[in-house]
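Below, subunit A partners subunit B and then partners subunit C, in two separate complexes.
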Partner chain A sequence: MILRIYYLAKLYLLEQIRRQAHLITLFLAVILLMLPAYINSFSLGLSSFERVAKDFGLTLINYYAVALAIYLGVTAVSSDVERRTLYPLLARPIPRWAYLMGKFVGVMVVMLSSVLVLSLALMLSVAALSKFADGQILVVALCYGLESSVLAAACIFFSTFASPPLAGVLGVFLYFVGGLSTSFINFFLVEDRGSPAAAMLARLLKMVMPHFDLFRVKNAVVYTLPLPPEYLASIVVYGLAWMVLFLLLAERVFSRKDL
Partner chain B sequence: MSDDLALEVRELRKTYKTVGGKQEALRGLDLSVKRGHVYGYVGPNGAGKSTSIKCLLGLVRPDSGTALVMGYPAGSVEARRLLGFLPEVAVYHEFMGAEELLRIHAALAGVPSSERTARCMKALEMVGLAQRKKSRIREFSKGMKQRFGIAQALVADPPLLILDELTSGLDPIAQRELKDLILELKARGITIFFSSHMMSEVETVCDSIGIIARGRLRAEGTLHDLLRLENQVAIQFRGGDELLEKLSAFQPRRLETGDLVVTVPLPETDAAIDAVRQAGGSVATVLPAQRHLEDVLHQLVKAAEDAA
Partner chain C sequence: MRRLALLLWLVLLLPVGAQSPSDSPSPSASPDEDHVWTVHGAEHESHADVEAGGEYTNEGLDAKSDNYPAIYKFMIRETNSEPYLRKGESRLVLRDAAVVWALNIAVIALFYRRRR
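== the complex of A and B ==
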């Protein structure tokens, strides 16, 4: 069955390559390669250029990974259903869970390879000016990759019962609410807006959603703070647990769905 | 399940929820397809053909009833291992080359990697696309895409093919080629279950036929059984147009061959032959009377609608 998942992922990957999705990644990579030099030209020799470049570059990588996760997650299964390319595939001796896994693996490969290319571009361009290759850029980018993988799994789940636009909206909502930090809720909703009810609702919703804020470790790179390995290990386990949960839910719905 | 059956469906029911309420697609469908047979599955649009095929493939879950494919529950991995499927609207990953995509289908069907190249070539040769193995699917004509669809259905060498609307939208030449292909596959002993709107196609290639209307099988049997008019004979004879008037009591009609024909109840055969001879006609054949499949279909569908 692993081989069949591999071939389904390969088919998905080939499809994305033919759709030229990788060209967007390459375009962003070029921007990231030029970004530090551009920022440096404004900083007039100030040492903070590196911090700004990392901050801006990693934010760009984060948003791109999130956009990819939502788009690829929502369309992975639904496009096969809409174009009816699903029928000859599911008429093969493949359980539906294996089909979903093949799609998910394909989405992961596209997303993680994009994040890797972009983070390498950022790392190289920062290193070219600061004469120091900061490997933590890769670590942070991979945390973003993990965050996006959880989001992609959620979007695949949403797409098993909702139309692509609705699944996309649910994905954005999940990412937004799940990404709210406790300090953000306390500051904006309680202290600034004086709305404890909204804060309570946000906290309740957040309880049943993945805490995406846990994956955002950008400050460690920007402000050269330590990133404890045990923390990284814990968010990997946390991310994997959410992915498994979303994929199990997706399988539960998809295996009962009339196609 | 009988060992000589490739497909066996009993009391299959499926109701879809719609915006306005419910729609019964299958209302207790029964059908049996013998191994090695070509089975034509005909019925009007909305009769339940596609739903029943989807049930056989496990794409749709029936509400009740049983369906066995080569002895295994329909939709199970074991059942799908033994069948090849051509969808009604055959859409493939058009950016891929024919052989490239076929190799992936072979892998998904569980064909060992050492056999994939040979199996793909064999399937492409059978459908006449071996010379175009490197061409992208998008470069194919509609007929070629349909033939590629049959190649992907055949690539794992399954004993059963399920073909949904095989010749839909194809020109007469492509239809003829696919019909010949079906006969070739039949000669190889492959069981073929195919749905079609083309009565002439069904009449020429099928061993048995099932007619579905309003979610139930209304008739099933060999072409001969379905077309035969019980206890009636067709007397074919030669003669001029004056016989049309002289034998008007028997309602004679002129065939494309130029002969005349009258259909009469079996007990009146001798009287009718005598009348033809007395009128100056020359009797050529006396055979059990038959109808056209299209007439049978029309009659059964109308009866099903009237009953509803």
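== the complex of A and C ==
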């Protein structure tokens, strides 16, 4: 069964290469390679380019990973249904859960390899100017990879019962509401906006959603703050739990679907 | 499905409509806005900066932040309350993870009963 999942993931990966998805990653990698030198030219010798470059570069990687997760997660299954390439696959002795797993592994490989390439580009370009290779950039990028993997699993689940545009909207909604930090809810919705009803609604919705804000550890690298290893371990366990839950729910809906 | 999508957008837009943005002071209204961005690095600022004025000390920042626009006040609070900086946060995350894993086991048990 693992071999079947492997072949399905490989098939998906080859399909994405044929669609030239990797070229977008390479284009962004070139931007990230030039970014610190560009920022340094404006820093007027204040040597703050490193902080700004890391902040800007990691934010760019985060948004790219999230966009990729939503796009790939939403289209992974639905494009096979629309192009009718799903039927010859399911006619073979491949259970539907293995098909979903193969797709998810393929999406994860595309996403994580993109995030890795981009973070390596950022690390190298910052190191070229500061003469210090900050390995924590990779740690933060992997946290972003974990965050987008959870989002991709959710989008695959949504795409099993909703059309691609609606699944995309649901994915964006999940990302925004699940990513609201407690301080954001308390400050903007209660203190600044004076809307406790909106705050209560946001808290209720957030309670049943993955807390994406836990994966955002960018400031630890940008401002050289301590990042406890036990915290990293806990968010890995947390992220895996949500991925398994979304895939189980996706399998439940997909196995009952009349194709 | 269309109603669901509409409802989701309404929920997203609810906080925006709660108060007009024009009620908040504009960012350009603050004469000290460029100082806010150094909050995180306040402890790491050069010695000369600390001596030059009290605005770079934590006390000075707290006193001055009363006049900052809402977005800057939020940013100060947000950057000082990162989840990984809070004590015992790992245990809270693990507790949440345990709840989700328990949910996973419940779903698997439900599947097993259904398929048997």
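Basically, the second predicted complex is superposed on the first by the 259 of 259 C-alpha atoms of A that agree within 3 Å, B and C clash if a C-alpha of one lies under 4 Å from a C-alpha of the other, contacts with A are read in each partner's own complex, and residues count from 1 in each chain.
As a working rule, contacts are C-beta pairs under 8 Å (C-beta built on N, C-alpha and C of every residue); 3 or more make two chains touch, one makes a residue touch a chain.
Predicted model only: the values in this text are computed from it and were never measured.
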item	value
Subunit C versus subunit B on the shared subunit A, clash or fit after superposition	fit
Which of subunit B and subunit C A:107 touches, first, second, both or neither	neither
First, second, both or neither for A:32, with subunit B first and subunit C second	neither
Partner chain(s) touched by A:3 [first = subunit B, second = subunit C, both, neither]	first
Comparing the two partners subunit B and subunit C, which touches a greater set of residues in subunit A	C
Touched partner set for A:87, first subunit B, second subunit C, both or neither	first
Which of subunit B and subunit C A:258 touches, first, second, both or neither	first
Touching partner for A:195 - first (subunit B), second (subunit C), both, neither	second
Nearest Cα pair across subunit B and subunit C, whole Å	12
Residues on subunit A lying within both footprints (that of subunit B and that of subunit C)	none
Complex interface listing, subunit C residues touching subunit A	1, 4-5, 8-9, 11-12, 14-15, 18-19, 24, 40-41, 44, 70, 73-74, 77-79, 81-85, 89-91, 93-94, 96-97, 100-101, 103-104, 107-108, 111
Complex interface listing, subunit A residues touching subunit C	51, 162-163, 166, 169-170, 173, 176-177, 181-184, 187-189, 192-195, 198, 201-202, 205, 211, 213-214, 217, 219-220, 222-228, 230-231, 233-235, 237-238, 240-242, 244-245, 248-249, 251-252
Residue numbers on subunit A that touch subunit B, as the complex places them	3-4, 7-8, 10-11, 14-15, 18, 83-85, 87-95, 256, 258-259
Subunit A contact footprint on subunit B (complex, rising order)	16, 54, 57-61, 77-78, 80-81, 83-87, 89-93, 95-96, 104-105, 107-110, 149, 152-153, 162
